[in-house]
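Heads up, the next two complexes both have subunit A, just with different partners, subunit B and then subunit C.
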Partner chain A sequence: MKIAGDFRGTLFIAALAALFTLIAPSILNFVTILTLTQVIGLAILALSLALVWGYGGILCFGQTAFFGIGAYAYAIAAANIGGSTGAIFVGIAVAAIFAAMLGYFIFYGRVSDVYLAVITLTVTLILYSLLRRTSGPEYKIGNALLGGFNGTGAAPLNIPGDGAAMLFPEQTFYVAMAALILAYVFCGWLVRTHFGRVCVAIRENETRAELLAYDTRAYKLGIFTIGAGIAALGGIFFSVGVTRVTPDIFSLSQAALTIIWVIVGGRGTLVGPILATFGLYYLTASLGTQQLINTNLVLGVILIAFVLLVPQGIVPTVLNWLTARRSARTDRARERRVRMRRPRAGARGEGA
Partner chain B sequence: MDLVLSLGLQIVYVIANLALISLGLAIIFGMMRVINLAHGEFLMLGGYTVVVATNNGVNLWFAMLVLAPLVVGIIGVIVERLLIRWLYGRMIDTLLATWGLSLLFIGLITSIFGASTTTTISPPLGVVTIGDYTSSGYELFLIGVTIALLVAVYLVLKFTTLGLVARGTMQNADMAAALGVSTSKIYMITFGLGAAVSGLAGGLLAPITGVLPTIGSIYIAKAFITVISGGAAILAGTTSASILLGGLNGFISFVTGPTMGEVALLLAAIILLRLMPTGITGRFFKKSQ
Partner chain C sequence: MRRGDVVLETRNLSMHFGGVRAVDHVDFSLWDNELRCLIGPNGAGKSTFFKCLTGQLTPTAGDVVIRDVHVAGREPHAVARLGVGIKTQVPNVFDGLTARENIWISARRWHTAKRAAALTAQTIERLQLGDIAAKLVGSLAHGQRQWVELGMVVAADPWLVLLDEPAAGMTHEETARTADLIKEINETAAMIVVEHDMQFIRMISKQVTLFHEGSILMDDTMDAISADPRAREVYLGHRA
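And then the complex of A and B:
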């Protein structure tokens, strides 16, 4: 299996996405653009898990913990600072620091796959029940009331340096898309650096990587922390899109959705989970409008079906199929050339 | 003195509660090294069994103690045969598949019964007074049931042929298979038993918490962390982790309120795993079940 394709492919997809960004406001209606900002936040979340799980091999079931912490930290910081620019960095930093502390216990304790999955999920669920109980007026950080079940308001983005100059929804969409594209290119670059390749090596065989004198714990902690920072960026745009942060961001179903995006899109690719996020969001949104089939039911069936039947996910399966077809075609072509050459060789043999 | 007794009883109840919701998960984890992410939904199904049965005029005790484990146990066996069986040896895929199952059950129950509580059952048994303090009789009953359940699991594992074969499979599945044990059948029975115990726990807790399609998520965080902290030994792991984490949770909750209690539980578990990555029974009581 090719570990990372080539970087030109990443840039090509990024260029396509940029093109989409430019034409989207003229072909899509206003409400769709508003919704898209939220979905872009979720897509960044899926991208972060694609990096951590697909390339780092770290089965993090609680990627939404960092997503949510980023969103909450952004909302609280924006309410206190009075502008969004600094708050974005605060959001990312808080989530990354939290991930680094949690990751220290996990990776330096050498907690393995299944335990890691369950611990990260448990952390998310504890955050969920913790924040749901913060409804009283005594739970406030600076000017920001945590608001318990109803959550807290997330300030819209503004022009850097001018807290009163809010961005319009279309401009917010541009910024969010730019963040997604930059995050995607960053991840595409990261997995091709020395650091990224060592992470992939650890995913493939941790013992061997360790015998080659790499400190696998530090590498895992590194990619885990970077992934958390990216997830926090997603959380910030999601909360800006929704204009609120509620504890539901930490709920079990949100954590499950994130896993489903990556499974459906495919582990070991970056663009697959992003596309799966958009596709499945559209699916669940259209399922949500009718009462006949329950959304959870459909998601459960999708998850089970993919694990049993398409464990690689859509994008790798399609790519493998294309590669197989191409190699079959080149095989046939080679065979044809050989067949055409053979009579000549035979003729020469007879002549001699 | 009464205060101490009452507080002690409260902490014992928290411990018993933790052990009760974790035991079914621990049985499956101990045998197959698989964390069943649909565990919360098995508890939820137990609760719904009790509600549906009592609404149809079945005696509450019969519904809780017999029907709930029976129904959920059968569901567990079906799930194992249809789904889990295909994923042996693929631990991560098993986790994901059981998570899919969890969503599926939530969706199914929501479609059938609606998203909110259908009927609540009030806890049977009255109030027990200890001096100036009162305690719920039903909580005392739950403590008793938990102890009985732990003893029963111990007896089954220690003194029956099934227990012997199950322990052998736990230690070395390949060797057990080479000696003629059908490990597939053992896994099926264990998964069914784990599900039945979860169903019993869900049924018993239904009168206290009520039932909702998403009720599983309030239990699972605590159940996961207990089982992971306990390690692979079913009984010693569950008991020691429940006593440690439940005791801490109960005490901190008493001092500062329930929010901090859960946070303390989680922090203690994370620090514990940093010190003992394979759980308490990975470090101590290695020879226990």
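And then the complex of A and C:
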């Protein structure tokens, strides 16, 4: 079926990523590996929006709300539990439950697309303002101080069952990559299931899906909630990478950046937004080392260029180009055969 | 004519848009295995009536009962969930998916993965959609899109089928094929067909309901309606 090509493609990309994971620590320096853990978190965030927006057709402008809630819930839980393993599940669960409640009112209230984008963005900005005002000793959940705009410390990962056995940065990188790969394969599998295909069908035509007796509200709520859980996973690795969670995670620029990654990478693919996250992060980091041009200006130009020139995003455009080239080649081969057959066709004409 | 049970009934059904009474106190019954055509001039209320049946509109007053279930004002998927196949006036298809996927989504709603795959293949063969099965529906011609939508209706194997202008925009040959298909579907399902094309109605239907200004004007055979002076005046007269 056509929905996203073959599942083997997904597994192939996952295998490439696994290979990269194994060789990366030996070819990249220590600081890059440290930074990569953060970027992997952001890539998982982009993946979650690729699922919710690209496949589910739900333009969630505040995907970072779930990313941030996951990160905060992880940090608070880890500080109280004294270990990271359980805290990861707490982080994912809290974000998913929050998304399920928010999504219930949005989808069952039949809020339309534009308002959905506005609501989700507003929720993110509310969290931003709210958490910035939590400085002071009275804002404390168990052992965890929320810390206002300075944020709260996010515990490093440890070996399951042993809170004192911290992972080394390299090992954390392996775990983060494993999480990204698993999340990617999971999404690749999900969009090919009956549930995933119905979500794509709803994106294409919600009325038709309803006329085929699908309760579209439930499907949209489902993919929205799953996407929030994945975003939370990204938030956890991001906060582990930077060792803190601050309210900036809910900022407008971070919310917008997530949308940009998906637009640049391509809606309707899963790997595109992931690659775009790494690419644009690298670009921003390189531009950050010079003072000549403002980084945000460059990002803005890239976004405008993509919307105008490559509206489908990188990955779909490259795939289309490859398909077009292949069919052009078979066309040329066919033309050649026709040209060569012409004299013989005349000879046959004489014989008849 | 053998008449079974009433499978679909409207009681005092009204749909008003502001001051416009698009459908006004309509009592309508469809019998088991029946094939009924709804006709009427533009603005007679056929399509509004149709949308009240399918759950796309919530009627202002009155009730729609399908096999003892009150469906007026329920969620749009509730009517289809009773096993009703619906085709709307403007083709409602999944443009970004292939014709095969469109039909599969319909079959899979009710059947296991294996059975759905078999039903999809069967439907594609039955409707002769083999050539376009792998194409994106958004790239197909209007008539072909209509057929993909009919394929979605057929693949779900419904016991009640509601079609709004199934032959609109089709070529003469496509129209004839559609008429054959409708007769075939009618062997296992009761049907309501809203249609403009008189030729087409003669091909498929025995019993015809004529709408005029939101109400049912007549309910009779096509021949009787053609011969009736009132019907001529409101509708057929304009065409002759």
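One rule holds in what follows: the second predicted complex is superposed on the first by the 346 of 352 C-alpha atoms of A that agree within 3 Å, B and C clash if a C-alpha of one lies under 4 Å from a C-alpha of the other, contacts with A are read in each partner's own complex, and residues count from 1 in each chain.
The rule we apply is simple: a contact is a pair of C-beta atoms (placed from the backbone, for glycine too) under 8 Å apart; a residue touches a chain by one contact, two chains touch by 3 or more.
None of the values given here were measured: they were computed from a predicted structure.
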Subject >> Greater subunit A contact set [subunit C / subunit B] >> reply: B
Original post:
In the superposed arrangement, which partner chain does A:243 touch: subunit B (first), subunit C (second), both, or neither?
Top reply: neither
**OP:** For A:216, select first, second, both or neither according to whether it touches subunit B, subunit C, the two together, or no partner.
**Re:** second
Original post:
Between subunit B (first) and subunit C (second), which, if any, makes contact with A:150: first, second, both or neither?
Top reply: neither
**OP:** Please work out whether A:118 is in contact with subunit B alone, subunit C alone, both, or neither, and reply first, second, both or neither.
**Re:** first
**OP:** Have a look at where A:32 lands relative to subunit B and subunit C in the superposition and call it first, second, both or neither.
**Re:** neither
Original post:
Is A:197 in contact with subunit B, with subunit C, with both, or with neither (first, second, both, neither)?
Top reply: second
Original post:
What residues of subunit A sit close enough to touch subunit B in their complex?
Top reply: 59, 102, 105-106, 108-115, 117-119, 121-123, 125-126, 128-130, 133, 251-253, 256, 259, 263, 293-304, 307-308, 311
**OP:** Please name which positions on subunit C make contact with subunit A in the complex.
**Re:** 54, 56, 75-77, 80-81, 86, 88, 92-98, 100-101, 104-106, 108-110, 113, 134, 136, 152, 156
**OP:** Using the touch rule from the top, collect the residues of subunit A that touch subunit C in their complex.
**Re:** 1-3, 194, 197-198, 200-201, 203-205, 207-216
Original post:
Where on subunit B does subunit A make contact in their complex?
Top reply: 33-35, 83, 86-87, 91-93, 95-97, 99-108, 110-111, 214, 217-218, 220-221, 224-225, 228, 258-259, 262-263, 266, 269-271, 273-275, 277
